[in-house]
Amino acid sequence: MYGNIHTDLAMEARESNSALNGVSEERTDNEHYSVSRIKIDTDEAASALQKSKGLYITIEAPDLVLRESELIKAVTEALSAELTGLIDKGGTSGTVLVVGLGNRAVTPDALGPKTAEKILVTRHIKQYMPDAIPNGVRSVCAISPGVLGVTGIETMEVIQGIVERSKPSLIIAIDSLSSRRTERIASTIQLCDAGIQPGAGVGNIRSGLDEASLGIPVIAVGVPLVVYASTISRDTIGLIASELGLLGNEEKIKELAAKAISEKTGELIVTPKEIDSLIECTSTILADGINMCLFGKDYAEVRSLIA
Amino acid sequence: MYGNIHTDLAMEARESNSALNGVSEERTDNEHYSVSRIKIDTDEAASALQKSKGLYITIEAPDLVLRESELIKAVTEALSAELTGLIDKGGTSGTVLVVGLGNRAVTPDALGPKTAEKILVTRHIKQYMPDAIPNGVRSVCAISPGVLGVTGIETMEVIQGIVERSKPSLIIAIDSLSSRRTERIASTIQLCDAGIQPGAGVGNIRSGLDEASLGIPVIAVGVPLVVYASTISRDTIGLIASELGLLGNEEKIKELAAKAISEKTGELIVTPKEIDSLIECTSTILADGINMCLFGKDYAEVRSLIA
Amino acid sequence: MYGNIHTDLAMEARESNSALNGVSEERTDNEHYSVSRIKIDTDEAASALQKSKGLYITIEAPDLVLRESELIKAVTEALSAELTGLIDKGGTSGTVLVVGLGNRAVTPDALGPKTAEKILVTRHIKQYMPDAIPNGVRSVCAISPGVLGVTGIETMEVIQGIVERSKPSLIIAIDSLSSRRTERIASTIQLCDAGIQPGAGVGNIRSGLDEASLGIPVIAVGVPLVVYASTISRDTIGLIASELGLLGNEEKIKELAAKAISEKTGELIVTPKEIDSLIECTSTILADGINMCLFGKDYAEVRSLIA
Amino acid sequence: MYGNIHTDLAMEARESNSALNGVSEERTDNEHYSVSRIKIDTDEAASALQKSKGLYITIEAPDLVLRESELIKAVTEALSAELTGLIDKGGTSGTVLVVGLGNRAVTPDALGPKTAEKILVTRHIKQYMPDAIPNGVRSVCAISPGVLGVTGIETMEVIQGIVERSKPSLIIAIDSLSSRRTERIASTIQLCDAGIQPGAGVGNIRSGLDEASLGIPVIAVGVPLVVYASTISRDTIGLIASELGLLGNEEKIKELAAKAISEKTGELIVTPKEIDSLIECTSTILADGINMCLFGKDYAEVRSLIA
């Protein structure tokens, strides 16, 4: 409306465009968390929401930041169940490549690498020591390709190279996301079957990671860990415009926003102070949920063999 | 004006109270950095600025974030020189205790512990192996007391205990600060001879660390590393109020601010994404400047003996 | 025999002195771990074993390094139970101070600081917000005093200062230990009621931490994480001496040992390559066991309030 | 002789085979360090030394562990000069890919990843913003492929994929090495033009990284950071055998060695306690030397643009 508020959550994009055609939504509330499913069906809706066509599943658990063990367990299991639904569409055998996007040296951007480290990898065992692991255990590998500014190599180049060599049948890509509401930091998980597009995530990529570019399904799993400082300014302006009856005066609002938000502000991020421990806890939930989903009934055995 | 904008920089507090009595200020500009000295002389001025009486020296080097080695060297030497001026008032012999305040597990709050780790300590060598170190080298020790939420012990209790045992004649306390301008993050150093007061710094303390409480001079050295998210909202409101000619309508502005800034927002912090590497670089500048000041002509020798 | 083999485990010291008077021993074997209790009763026995008089409890779980979750749970509970036995002698109320000895920047020496970070601290909550926590929950605080080479301050000086201020009724001190057998690394826990003596532990201290020096009971909890390289040389020499029938020729063996073990070798340590993850896992077991013991039936509630 | 002593240093392999044909050696001593060049010319010599044919340059600076800044500077420049000699053979233009081998989560094995992080990467800037960087600056990229046990993907598979995509003309591969003498830990740098072979390095690889497999020259740069515990046992046995006049009795010595060195001992490593800080210092020397070599006269400018 008055400038672009960036959000990586389809649910938030949908909130500001509630009357849009080509989008369907359903929501289930549980005691401690809710699950919403947004399906973007048409190119028009995709363009209006600035998200690719596909299914976006959002698990919201506002109390997750309290790190109560029962809720962590419930959310981990919900993630595993939702991921199982998405993966089943991509086939239940074949190697899964888990990709941890982002920069491990930047705390709020380290969710991907921290999660990838905690994935139980089996591909090499199945390849070199097949007798050491139960027959039927899924082949899983995991890599963190780093970010362009640190490696000088496009994330897409690294992943394409690895895909050609390791021949996975499915990619699960993990990334830190931005939200427009600070309450969602570390308490929301988004899964989607549309892969990851350029400009999305905290450690932005330049080329999309999706089935069109990689030839295999790409499921993206992310958690909002930052809000851009410019979002706070825009929200403040929106609120004031509403309070002062300026909502019709788009010109004036744009002018105010331009003055309030310098180019530099756009790059600043807002996080809770306890971001380091939130990343630790969140990456464990993601990795446990993914491991649980990928190994199913063999999970405990694989864990004791490998971890 | 329209609610409290929190800043740990006396220079910023002074900017919003420029007509105040009881404060003197002088400023020197160099090619790449400037040094300002603000002296708060009266209780009235101290109360208006919400800072203790004392001398506040601010080194500003906007280009410091580019990490160009010449500028880093110049700022390190400027810090050493200014610190020497402050320390001389406290005597040039006797043990110096460097205290790294803050929580090492929270990136923007880790400046104190990271700096303390890089201080060259000599107290134990002078005590147990006096022949291993040149005569006349200053006795230096360094500790990071942790934060109340992690230890369950007040910072002041830990420091008082250590002061009683190690009998320093001077404390240099390092802390992450908050600023009201994001441009000052990691590019400004504040030194002051008034110690540290409750509510100051990112890892807030409950009792003041100063000469009144500890019986020895306390020099505080800090670098702004966060801006509170509420400051961004307040700045946006101030700007709009000015644009819309609302500046006289204090009631309205306060009402808007109250709506824009929830209690939760107040705890959120704004940092640049590269905060991890900024902390690394900034703690090295502080530790080098302090080491250079404390060891003077013996610096190179002490460094090669200990580091 | 042929030079001093250093071990921090009373059980190992006892093995090489099995015929000693003044020492009693009992041992219980469980399915996956064993618990032995060695009581050193006389000054003569203490001197021969180079350990203080007192009770030494050793939990041995050779498979612990496999990190199987059931065994981790069993050992954590065994630690909690044994610690409860030792603590009960020191009274069940009053503040407990957990001290994490060692240098957090040296991987095999970081067990103490890593464990202390994971202790649930309640002292400040009981003091400042007593209504926020169930009545009767024990007051617990935790500190890592650092090591002399990094702080310039004796560990004992820091702890005495904190004890005077925080007035605990009991100290639990955590430290990395040395063993003479590499198989015991990360698979053995030693508890003792005699505190910690100079020269013990990986991050050696200069003054004993015990009831005599601090006026309150000191329970030491440690895990062997290193073997000294000189121990490997001595073991090799011992083996060869036995094979070659040199066991009577003490002079010759001493001469060989002196040649094989240079001063520098004495400082080298032997660790498994996976020491970083062993420290992570071991510090969690210790912290969980201590938390479980200190909070008893309130453990789950305290955990959800604080963690 | 009495079992295999593993060393990654050609210089050490040569010491135990001094009479070998097909090897030439020269050595230059400077004030604070020496440089030796060993050229392995024949397949017989390669097989006897268990090293590939090629040129092995060893910089030895026993005092490097004292971290005196002048010596660090001298060694960094020597590394840069030697590397320039090796690289010139591979051509002075084209992209250079720096590969950091090893596991960043295992301290003594983290030299590669830690060094790769400190390489100044320019490839993406030359590609997307060529005007932002001086013409003629070399294109450099850097990646840490992780280890098989963490990723489930062979190091070689990852690198081949990246080579195909990023089309470098030269690889510089960094790895932690093993030595047979503890004195060489962190004070010796080996460069060679033969790439890296399976079984070499601390984080062993399964397929060789060399010109034969990758189609471009591979220069290996490594620093010994561990000695295997079995080496200590073998050295002790060798010394005793010599002392006791057993040197002719190979059977007896082999028998003793087999008894002294269990399979488990072979995996244990010996390091100095200060390994964490040695890795930090050593990776900086390697990265600075490589950056200096690759950017030559543009080094300072590239550094201020990127770091």
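By letter and in written order, the chains are A, B, C and D; residue numbering begins at 1 in each of them.
By definition in this document, a residue touches a chain if its C-beta (ideal position, glycine included) is under 8 Å from a C-beta of that chain, and two chains touch if they have at least 3 such contacts.
This is a predicted model, so every value here is computed, not measured.
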Q | Set of chains whose contacts include both chain D and chain A | A | B, C
Q | Interface residue identity across copies chain B, chain C - same or different by half | A | same
Q | Distance from chain D to chain C - Cα centre to Cα centre, in angstrom | A | 37
Q.
Between chain B and chain C, what distance separates the C-alpha centroids? Give it in angstrom.
A. 38
Q. Taking each chain's centre as the mean of its CA atoms, how far is chain B from chain D in angstrom?
A. 42
Q: Scan chain C for residues touching two or more other chains and write them down.
A: 105
(Q) Thinking of each chain as a vertex joined to the chains it touches, would you call that graph a line, ring, star, complete, or other? (A) complete
Q. Which positions of chain A touch chain C when the two form their complex?
A. 66-69, 300, 303-304, 307
Q.
Going by the contact rule set out above, which residues of chain D touch chain A in the complex?
A. 105, 117, 121-125, 139-146, 148-154, 157-158, 160-166
**Q.** Complex contacts: residues of chain C adjacent to chain D
**A.** 105-109, 182-183, 202, 227, 229, 232-233, 235-237, 239-240, 243-244, 255-256, 259-260, 264-265, 267-277
